[in-house]
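Two complexes, one shared chain (chain A), two partners (chain B, chain C).
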Partner chain A sequence: MVHLSSLLLKNYHGGYVVIRLALAGHKQANRPFYRIVAAYNKRARDGKYLEQLGSYDPLPNIYNEKLVSFNFDRIKYWIGCGAHPTKPVAKLLGLAGFFPLHPMTITEAERRRAQTELIATEDVLQEGQKEAEV
Partner chain B sequence: MFQVIGGRSVQVTRLLAPRRAVLVEAVRGRKSRTDPVAKSKEGRIKVPPPVDPREMVVLKERFAEYQLITRALRLEFKEEVLRKKYEEETGSLAEERARQEAEEHCALMAFNNQENLRMLEVRTLRVQKEKEEAERKQVEASVQREQQQQEFIKEKEKDILKLQEDAKNFITLENLDRRIEDALDNPKNYNFAIDKEGRVVKQTMLQ
Partner chain C sequence: MLKGHRRLDDVTTNMAALGTARRLLRTCSRVKNVQRGEQRSVRCGLRTLCSGTRDHALSDNTRPQFTDPAVQDLLTRMTGLDLQKVFRPIKEELKPPTYKLMTDQQLEEAVELATQQAEKLLQMPPLLSERKPISDVLSVDKILDGMDTAKYVFTDITYNILHRERFIVVREPDGTLRKASWEERDRLVQVYFPKEGRKLTAPLIFKEGNLKMVFSQDRHEDVLDLCLVQFEPDSSDYIRVHAATYEDLDKHGKYELLRSTRHFGGMTWYLLGARRADGLIVDMLKRDLLQDAVSLVSLFHMVHPHSESAQEAASQQAAGADLLKIYADKESQKSGYIELALQAYEQLTTKKSSAE
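The block that comes next holds the complex of A and B.
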């Protein structure tokens, strides 16, 4: 029997391959775990994928670290075959050093730093006012 | 829940259009297309988040650089994949492998031919032996049949002789009268008595 699904996906909008996060182990509530996966674009998020290229655990462990794994060899192969990584995967790869740092990572960090500085200056001002009152 | 249908023309007309005109598209959510807008959301106009122009300039620069680098990386990886495939098919290792396979193939073919020859010889010997056996058996069978025929003929001859012998004692039209007279003249008595011990007594009461 001809494998109909792959034919459909290839002829359907010229389906392309993406490298994205797929939720794994969804039988447990409130405990997400992502697989970094190469799949066709139109497949379901957790559906059949072409190959697993790594994993990402969003909840920090006892040493306060979030664990990520990549299979760089196969990622190179898939990107060479024309796969597109999604935004979160691109950000993770940037933090890992495989890709350049994503611009949004830098801007988010800057924004957060600006916020903390604002709060710090506000606190200093408030303390100054309190001292003046006293 | 709602997704704004984008486009610059749409933005302008949105300000002029009445409030409840639906220029938003339901993407997900529990309301179907015929459900009315909720009372708390009646006067809601969705506004995209504010954009800082200085940050936007910086961001555009960063994105341009990022896309440049990623595109270059993509091309590099593509080249690597093609090179690997090329080496896989027409590299030095591939040639060696092909050569070894050809050698193995030759060796195996030679072995096969030798085996065929050997089997041919064995087969011819066997076939010859079988033919000889068959011939011998046939000869034996023919001899047997001949013997049987001969015996049959002998038996039949014996019977014929016996019959000829008996024919002398037959009663014919010529002998009829004489035989009748003889029979009447010589009455034969077949009665006899026998004892438990096997003593035969032929002398009986004549009629």
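The block that comes next holds the complex of A and C.
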């Protein structure tokens, strides 16, 4: 029997388009690589997408760079069509300078700085204690 | 009849090379043998002549540029068109040669086609001045200090923009957003839009010691071909490698290696700029190429119009061997040799004319 639903509902989704990260290269464990993708909201994360708009490699390379690519022309088109970017994509675009900076990036940066200061003061305290003992 | 058959074989092997090398190949495989011992023929990007609207930072408006039609004409004439050398067999997989039976007229047409193809292959690569480093900071965000340990590099993948105009920005861990430097740009453009034959890190052959070794093996042409594929024409590496190659050629007098290749014009231009064309003139006279020597001297006068020999020549309206004599008197350090060679040439010509 022919699946009537897929024939009739091919163009109707009742959802909206999102620009999100989809995991690629699924066969390799412990080596993530994301594709920046325009897809319907309800689709699987790694499933069929409308268009690939770029890539993001979260692991830094030998030059200590994380490579991100954006097809700005097509991103503008999809945002013009009413696509919503997700939080990580919005953060990346903010870092790139295309969007204004995402507030969470700033918050994370502040948190990291607080953490490093905490560790630094703990180290200083420990060294001070060691010297006092000696 | 025998001669015709031999020519036929040569031309058909040339045509076979032509047919297989419809894509304009160059022998980067020879240099790969130095590195790895693999035999792969690699497509080199053929750089076309740049239009005359570029201007050099070094030269003034009045000085003739590399791209002037008169200069180019002289340089092409000096490069020569040795079909045998241009179409010599490139290392590819072994295929038996194809033989065609042709009439004399067809043979002429085939030779003409081969000359046109050779002219295209002999197009000179562009000569640009060194590019200035990019140091553009787009924004400084101190709030983002310490957000991550690695840099983020953002590339614009839009298909319809020139690689030179592409936006490639770097967000440093301390929050500054700056434009990527030329080396980063080259590397990232190669990552996202790979060009055949180009590597992400420059091959080790371009290091000083390795260059010397390759020059001792007389492989200057291969080095230059590889350099053309790997580097942009205005990068410092490209200029450095070319300068080193031309210096080495000048030192050992091995001009014949580049004679019928696309790099001859560049070499002549470099030597003229450095005013060291004596070795080249001597080499030309040795091989009885008087016309080339004369065109070289006229090119020298075009490039350095304020030198003594140029002014002498302009005042005397000299042409041919007289130009050479003026040049030998005024400019060159090896004047003795040039005069000797000129005398020998004149003796030859008088002998020929008296024999006839």
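The rule is simple: the second predicted complex is superposed on the first by the 120 of 134 C-alpha atoms of A that agree within 3 Å, B and C clash if a C-alpha of one lies under 4 Å from a C-alpha of the other, contacts with A are read in each partner's own complex, and residues count from 1 in each chain.
The working rule: contacts are C-beta pairs under 8 Å (C-beta built on N, C-alpha and C of every residue); 3 or more make two chains touch, one makes a residue touch a chain.
Everything numeric here is computed off the predicted structure, so don't read it as measured data.
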Clash-or-fit label for the pair chain B, chain C on chain A: fit
Contacts of A:Tyr77 with chain B and chain C, given as first, second, both or neither: first
For chain A as apex, the angle formed with chain B and chain C - C-alpha centres, to the nearest 10 degrees: 70
Touching partner for A:Ser69 - first (chain B), second (chain C), both, neither: second
Which of chain B and chain C A:Gly97 touches, first, second, both or neither: second
Which superposed partner A:Ile106 touches (first chain B, second chain C, both, neither): both
Chain A residues touched - chain C or chain B, whichever exceeds: C
Minimum distance between Cα atoms of chain B and chain C in the superposition (Å): 12
Overlapping contact positions on chain A, where the chain C interface meets the chain B interface: 106
Sites on chain B touched by chain A in the complex: 55, 58-59, 62-63, 65-66, 69-70, 73-74, 77-82
Residues of chain A that touch chain C when the two form their complex: 54, 60, 63-74, 92, 95-97, 101, 105-106, 108-110, 112-113, 116
Complex contacts: residues of chain C adjacent to chain A: 138-139, 141, 143-160, 167, 169-171, 175, 177, 188, 191-192
Residues of chain A touching chain B in the complex: 76-77, 79-82, 90, 99-100, 102-103, 106-107
